[in-house]
Structures are given as structure tokens and as C-alpha cells.
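First subunit A sits with subunit B, and in the next complex the same chain sits with subunit C.
Now for the complex of A and B:
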């Protein structure tokens, strides 16, 4: 904003003003730049170094060794697949159910305001607590509420965390992010013109046709925003994995974020971890570029 | 095309709040009926009940003689144009207009030709591939009408369709809608709070107040023979002068009243009034004559000169404010003393309960009558919007 006003053809007084502005804005810009670039440059630097905390004898410039080692490691590719599964799975569940719930909570029914508070509340529970709640209170094969319910109807409880670890993790993260999707989509639905829905009724659109032809197109922007924001956070899911499975069994639930953590802080291979970090940055930027472009296109019309 | 009949239709909301209090009326085939009334009179609710967007609490709605109370909006074969146009913003003009046909599984070619026909009538052909957001207010309005036309409905419903347009465009769309109605010959129900729209477009006006029908009639009938005080005050701009009066004497074909400190013999039947009753004397501004031999005296306090007519606000000798409309550019200055004549055959008399006393010789409903030129002078229309 300020850039466009400054870029305008300026009379002499404006340049004096520009200097004044620069003096005021400069420090914060410098601090923010350092904040962002110093860690980035350090990560880049370490990713080309032999730097292992348990083996100080090996040090010095490593060329592309850290990268070739990482890219030839099957764990890296499985972690990428796990990241993709987690991100896409959570997005499908939260946007899908979020849209349906938003339509539901837009209807008038007794106790609606209480129900709305309840559906939003999981968002305020911190990830570690939420993950522990699900692991130990709900899904534990012996003490869990669900296991108990299954026993009640004569079924054998499932050990979710060991048999379906990634799927279970996806469900837990979805549970945390569903309120966010509902919140954004519900506010968007409420901005839908009531006369449009009535016009559709007059045109002969039943509830299903109204959902697909009126509500979904109206929610397009809101869905894009939800997808973008959730993707940014879901690429870096970490707390839930640490608390529930610690990336296991084996590497079944290790995503890219957890892989970097385990390289750098469990195996003390700072160089390898940094290489993973650089790759994560590249992936995040590619995803962000696509998202920002599609969001910009959606927000235009 | 079809007729619509309402029989003692009522609407009561959950809180026991009754908004439509027993409306009965018939809309004939090809008729243009306007519901008019002040805001909150229930005119939009009544329209939405006909459309099927609101439930009918009791009474019957018949479309072509078939009870339609329980039918879904789409089954009733009606089309509605909304105040906000309610176009689907993500669809092109063509898709907007063809949406109902698409839902009815009409083949693509037939759909296209029907949309093209409507677009031709409304001169929307260059805009078919545009989104509603790229159109002006008047064009959006036409798309909304086109969406209704494409469905070939039995009845067109309009809910204050011109209220979002500016004054000039409103006047233009009024003419377009009237000629469109002529062209299509469609039964139309039109809701507005604008009496100019009601007077100029309607075959029949239904005046509503607080959920009750006050009067049903042709525009000029309402203007010249208002059934009660409310209709007399609501129809006509500037408003009819309503003066306190007292009955002095009652005869078979006239009522003598005192008003403005003078005595008038009004040629109306004295239904339900006796000497000594308080009544209201009504006289339209254009029927008060600004003539030197007039019996009423007063001082001009304000003069509104519109060129083709002049509206004088006169404080009469007994302190009552009168509005006088004269044709042409009256040059009377503010502060000047004027003499006014009150022709008693143009006056209306209303009982204390508001009902009008019937004239002995009702005014003919035509443009030729004494007083103020044509019935709804064009300049008066402008005055209303000014």
C-alpha cells in the first residue's frame, strides 16, 4: 500500500517525507529481514557441511553429500508420501464435513448457539493435549471410550495406533481443524443472500440442487482460504506425531517435519537435518506459489 | 396465463402476531394488479404467500381454480422478480436465465432458444456471456425479468423491483415493464410502496394497511372515489387536504358541514351521520381554486413552482394549512393574500370511523373533469421523485 503511494510521481516535499518514513520503518524492516534470512542462510550453510554432533571428527565442506544421502534414503520418500497423505486427508475431511456442518448450523434449530460453541471448541485445545486425549482417553485399546463401546456391542477393540497409525493421526488432526473450517464456512454461508436461495426455490431447485448450484459456488472463495491456511499448517504437523506415535511404528507416521527433527535432534546429524529443511522450504514454496495463484484468481471474480 | 384467487387468507407468526388479517381478492387473467401500501402493511408477505415462500396460516389460495396452498413454489408455475434481483453471481446471464429450465431437464438446444427469445425481448443479447457483476442496475433488472420470462409462468410476481434504481432509470423501467406486460399479456402481481408506480402501471390497485385490504379498484377510481380516509390520504401527491368539520344539517342528498369557519353543502348521502357529528372534509389540492372571487381567505407561506404546475401552501384565515395546486407557473409571492374557492362537488366527506360518504353524483372516471387538468400530470410524477 505504502509502496504504491510512494511510487507515485512525487514533488520535492514528498522525497523528504520519504526519508522520514524510511527512518521510522527501517529498523523494523531490518529486524524482520534478519529474522527471516539469518536462519535461512544458516540452514543452507549447514546443509552443505559435514556436521554431526556425535562425530566431531567429521567436519568441513560436504558438497552435495547431505542431499544425495537424503534423496537416496527410502525414509525420505515415505515421509513425503506421509506428508501428502496427512495434508490431503485432513483437507478432504475438514472441508467436506466442514461444508456439511456449516449448512447444518446455518439452519435454525433449538439450542443452535450452544451447538455452535461446542463445534468450535476443539480448536481451542492445544495439539499435544488433543492428541493425548484421543490416544489415551478415546482410542486406547483397553481403557479407551471407543474400545469400551465396541466391547459393549460384542466387537473386538481395535488398536488404532499400531494398526492404522497414519489414518488415526489424520483423524486426530482433522478433529482439531474441523472447527476452523466450520467457522470460516459458516460465516461465508451466512453472507449468502436469502433472496438468492428463494429465487432458486422458485426456479425449482430442491435442497440438493441448491447445495450444488448456489451454496457451493458461493463458498468457493471461503473454501480456497480454508485450503490455503490449513495447508500451511498441515505441512508442519509435529506435536501430534511426537506425542502419539513418535513417527512410528517404524517410519509409518514420519512426515517431513518429523524426519527433519529426528535427523537433527535424535540422530544429531545437523547437516542431514538441514538438507531436509532446505527441501521442506522448497516444497512449501512450490505449494504456496500454486495456492496463492489460485486464491488470487478466485478472489478476483 | 391464469387467474389467482385469495379467499380469506391469513398469516399468523409463531408469536401470535397476525400480519395478514383475512384478505380476499381475485386477480383476473392478463390483469396487472399492484399491491400498494406503507411499509409493514403486509404487501410483500402477501406476495410471498402467493409465491409459496411463506406458509398460508388459513384461507385458500387458488391458481386457475386449483388450491395451491400446499404446493411447492416451483410447482405453482409462478415466477418472481426480487427487490435485490437475486441473480446467481457465479453464473453468466445466459445460465441465470436458463437455470430453471436446466433444473427441469429441458434439452440444451431448447433451453438456448428460449433464453435467446427472452434476451431478444429484453435487448440482453450482447450481455449473455457476462456475469451479473459486470452489468448495470437496469441490465440486472432485465436479467431478473428475463429469468422469469424464460419459465413461461402462469403469473409474474414482482417484489418492489424498481426500488434499487435511481429516479431516471425507475421512470424508464416503469414504461418498459408496462409495455412488456402489454406484449406478453401476462397476469402480473406487483408490490410497491411507490404510488406513482401503482397509478401508472396497474389495471387494478389493492391498497393494503396493517394486513387488511382498504380498497380495490382501478387507479382513477381510487383517486376520485376513495373508500376511506386512509386511501384518500395515501393516493395522490401532493396529499389531499383533510380538514376537521362538523355536521350542521343532514338532507337526503346532501350534508351541510362547517369547516374553516364557513358552511359547505356537500352533495353526499348522509349514511350514518347526524347533525353534530365530527367528520373530515377532504379536498384534493388541484380542486381548491385560486380565484379572486373565492370565499376562503389565506396567506401564502410557501410556493413550489414546478413549471407546469405550482403548489401553494396557504395558511387560511382560521389558521388551517391548505395545499393548493394550480396549473402553469403561478407567480403569487410568499406572503401574498389569496382567495380560494372550494367546489363542493369535488369534496369528499369521511365519517369519524374513516369511511367515505357516497357521492350523490359520482365523479366520472375520465380525464375530463373540472379543476386541475389531467388526472396524474407528468409534472406531479416528477414532483414525487424530486
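Now for the complex of A and C:
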């Protein structure tokens, strides 16, 4: 500090403080900057290289070979379609039911706070547990609870995981993310002015009208946030696939994340995996641009 | 129907639906906890048994044969250490941003948020190679580093919003009394925002505990935490429903309790203050 008082004739305390601030913010910014740039540059670099972890004969600049190879691979396009199905499916289910449940748990009834805690619980279940729990205990074609219930009412149980693997995965991931949507949307509903709801009721608006004309418009912003945050996480759904289907049967449940993993870490094709990574980053950036803008509007410093 | 009866009826319907949905959503977790206390034969009986002789046999097997503690200790060490390190970085950072904002503070905060938008799978290859070259593959240190970086934007944001609620005057009064910045943070700011700091730490713990992308890809045995342990049950052992359920219950129970405790504050951290 003594050096700064010597060097700065103008308000010395001010500049010393500013330097202090830099020292406090700096470490976090530096490590995050490294985290955000170094791997990104490496992915870009590798995506233009011939690089196989177990095959030293492959090396050197590959131009756009990794990309053309990837883009001409039908597995890549099916992985994009699977990613889209999973992301959009989970979004529709979680936001749709999440809105309804948020309205439901905004109403007063006996034991509401316990019921809320129960609904939120799946969010805290680790993905590997959630996936195996559903695959085995709930949906196993012979021993699963759901299969048993179907048998009890005279139906033939469905082998969900083999016949509708991607759809089933979508349901499992939706179960994990529904609580997130409920939690966020419920918080947003509770910030809705009680008087406004009351006034609408006085004016003779029924529950349906109130839902569409007051609650939904009020929730628009919160729904946007839910959609964007979920999308970022859903692009990287991985553990659920690994422990249930390992991307199969065939490539039926291989999403972009699983494709990159299998290219890079199972086939050791660093170049090809990186090209996939670059594409994932581009998709995520498009989504993220919207999210950052929507948060920025709300930020006061 | 009189209005009073109508109100009573709709209240009853509401209660039934509200509880019905909640129990249906929670049922898989409840069933898992129950199955953990069944014998393997009861666990796969058809029709399923709601009433059974509880036994600890599955738990015994998980503890004795499956080496549960090795994974549990990895989980505890990695998530606790990762949370402490993340707080050591983010408390000073959020403090400076909340109480001495500059022109760049807003931009820095938004940029931190944007680093969260990088999908992990996009940088899987370089992180794997970096970890391998640094000898950090399958080490706790490697996962701690990744989790700190993964959670840092969230902890900075969350602490920032909590610190903003502490009146500036209180800190300034402390400063007049000659408190250093460290004293200011330690004796004034942290005690005043303790609930906020605690829920930030809880969120970081929860996210680290459940993280299943990096842990599956960067560890194999030595440093593998609980998500990998459960993944090892995927097949064909998954058919031992009792063992799978006991192990899963052990893996999720502590964090489920933390989650219940911090659910109200989670919204802030999870939405970066965009929803309040």
C-alpha cells in the first residue's frame, strides 16, 4: 500500500481500494477465463487435426476432413435428431406439467408444504440412480411396478426400454427436470400480486380465464428462463444413456453427447470427437445468447 | 349447492389432486427406499409387495462386497473440498462486486454466466487430454478442479445477490472503526449473510455430489465417486433389485435432505437471479 500512496498524488485511498478490488475479483476471473478459453481453443485446434490417441501414424493438419466425415455420417444426423427429440420432448413435458403443477401448489390445501417437498425431490436424485431406478424398479418388463400394474388390470406389460428407448429416456429425464420447472415457476407465481388475482376474480374471470390472461403472461419470463437453462443441461444428457442403453439399440438413443464420447474416448478419434464438440458448442451458443440477454435485462449492479 | 359447500368440495378436490400428484412423482424414490429393505426374493415378487419383512441383508452386501465406503468417501471429499475452494474464490469476488462495483462489474458478471453455457461435452476431449497429460485422470484433485470451475459462476452470482441485500452503511460503519477488509468480511458481512452463504454452499454441494458427466468420464476406480458406483450396477447386476436399491438409497439420502433444507434459496442460484 505504501508504494501506491507514493505513486498516486490524486486520492490515494481511492486507487488503493481499486487495486484491492482487482485483487479480490482477479483470481476468479483468471481461472474462469482459462477454463472458458483454453479447452475451447484446443477443441477447435483438434477438430482440424488428424489425431488418434492410439494410432500415432495419424497426425498433421486435416483441413475440414473431420467435419466432412462427420457431416456425411448418418450416425451424426441421427444423433442430432435424437438430441432434438430429447431436448424438445423434455421441455414440452416439464414446462407443460410444470406450469400446471406450479398453479396447483400455489393453492392452499392441508399439507401443501410437504406435498411440494415431495414433488421437488427428484431434482436431487443423481442421474445414474434416476435412470437405473426407472429402468429396473419401475419399468422392467417382468418385475417393474408399472408392468405389474398393467398385468393387474389385464394388459400386457410393455418392454419400454427395448421398444421405445428414446421415448422412455425422455420420460426419465423429464421426471428429473420437472421439479426444476415447478420450483422456478412456483416462485414466479408467488411474486404475482395477490390483489391482481383478486381483482380479476371480482370482475368475474373464471379460473381458466385467470390462468390464460393473468398467470401465463406473468410467467412468460420465468418460462423463458426455464427453457433456456434446461436446454443447456439437456444438450449434455449422458449418464442416463450410459447406464440404461449405452446409446443403443444400434444408435437409437445416441445423442450428440454420447456420440462425441464414443468417438473420442471409445474409438480414440480426437479429431472427429472435437469436430462434434465444436458443433455442440455452436448450438449451445445460439441458445445461450438468448439466456444472457434475458438475464441482463434484470441485472442491477 | 351453497357457496360454502362448493368451497369445501373444491378444497377437498384440491387436496386429493395435490397429494395424489405429489405421491405419484415421489413414488419411485419411496419404492427404492422400501426395496432396499427387502430380501432379494421379496424385491422381485409379483405382484409387488407393499408389506414385507424388513431386512438389512442388501445393505450388508453393499457395505461388505461392493466397497461402498471407497466411493462414498470420494464423493464426500470431492464435493466438500470443491465447495470450500469455490467459496474461497467467490466470497472475495462477490464481496468486491457487491460493495465496490466498477464500470466493468456488470459485464464481468454476465461473462461469468456465459462460461456456464459452454456444454461440457463440447470440451470433453481437451479436458480429458489435459487431465491425462497432467496426471490428473482418476484423481480426486482432478475432479475438485473441474467442479470448482463448473460451480464458480453460480456461487459468485448467488453470493452477489445475497451480499447486495446487506446494507452498505453497516459495512461502512465497520470500516470507520478501522476494520480491515478481511475483518469487514469476516466479522460483519459473513455473519449477516450467513443463511445466503449456507444455501450457496449447499447448492454447490448438491451439484458436485450429483454431477455425472465428468465423474464418469474422468475417473475409473481410484477417485470414482458415487454416481460411478451406481453406474457399475447397470448390468447385469441391476437385476439384484435389493442391492441396487440399498446402494442407491445410500447414495441419494444425504443430498436429498440437503435439497429439502435449501429448496427456497435454490431458485436464486439456479436461475442466476433472473427469477426471484
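Operating definition for what follows: the second predicted complex is superposed on the first by the 260 of 301 C-alpha atoms of A that agree within 3 Å, B and C clash if a C-alpha of one lies under 4 Å from a C-alpha of the other, contacts with A are read in each partner's own complex, and residues count from 1 in each chain.
Everything below uses one rule, namely that a contact is a pair of C-beta atoms (placed from the backbone, for glycine too) under 8 Å apart; a residue touches a chain by one contact, two chains touch by 3 or more.
Quick caveat, the model's predicted, so the values are computed rather than measured.
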Subunit A: partner with more touched residues, subunit B or subunit C: C
First, second, both or neither for A:203, with subunit B first and subunit C second: first
Which of subunit B and subunit C A:81 touches, first, second, both or neither: neither
Which of subunit B and subunit C A:155 touches, first, second, both or neither: neither
Touched partner set for A:218, first subunit B, second subunit C, both or neither: first
First (subunit B), second (subunit C), both or neither touched by A:71: neither
Partner chain in contact with A:195 - subunit B first, subunit C second, else both or neither: first
Partner chain(s) touched by A:266 [first = subunit B, second = subunit C, both, neither]: neither
Touching both subunit C and subunit B, counted on subunit A across the two superposed complexes: 301
Touching residues (chain side subunit A, partner subunit C) in the complex: 17-18, 20-21, 24-25, 27-29, 31-32, 35-36, 38-40, 42-43, 46, 101, 104-105, 107, 109-112, 114-129, 132-138, 142-143, 145, 148, 151-152, 175, 178-180, 183-184, 187-188, 191, 221-222, 225, 229, 232, 235-236, 238-239, 242-244, 256-257, 260-261, 264-265, 270, 273-274, 277-278, 280-281, 283-285, 287-288, 291-292, 294-296, 298-299, 301
Subunit A residues within the subunit B interface of the complex: 193, 195-196, 198-205, 209, 213-214, 217-218, 220, 301
Residue numbers on subunit B that touch subunit A, as the complex places them: 51-53, 72-74, 78-80, 82-84, 86-91, 99-100, 103-104, 131, 133, 147, 151
Residue ranges of subunit C touching subunit A (in the complex, touch as defined): 11, 14-15, 17-19, 21-23, 25-26, 28-29, 31-32, 35, 43-44, 46-48, 89-90, 92-93, 95-97, 100-102, 105-106, 108-110, 112-130, 148-149, 152-153, 156, 181, 206, 209-210, 212-213, 216-217, 226-228, 230-231, 233-234, 238-239, 241, 244-245, 248, 251-252, 255-256, 258-260, 263, 266-267, 270-276
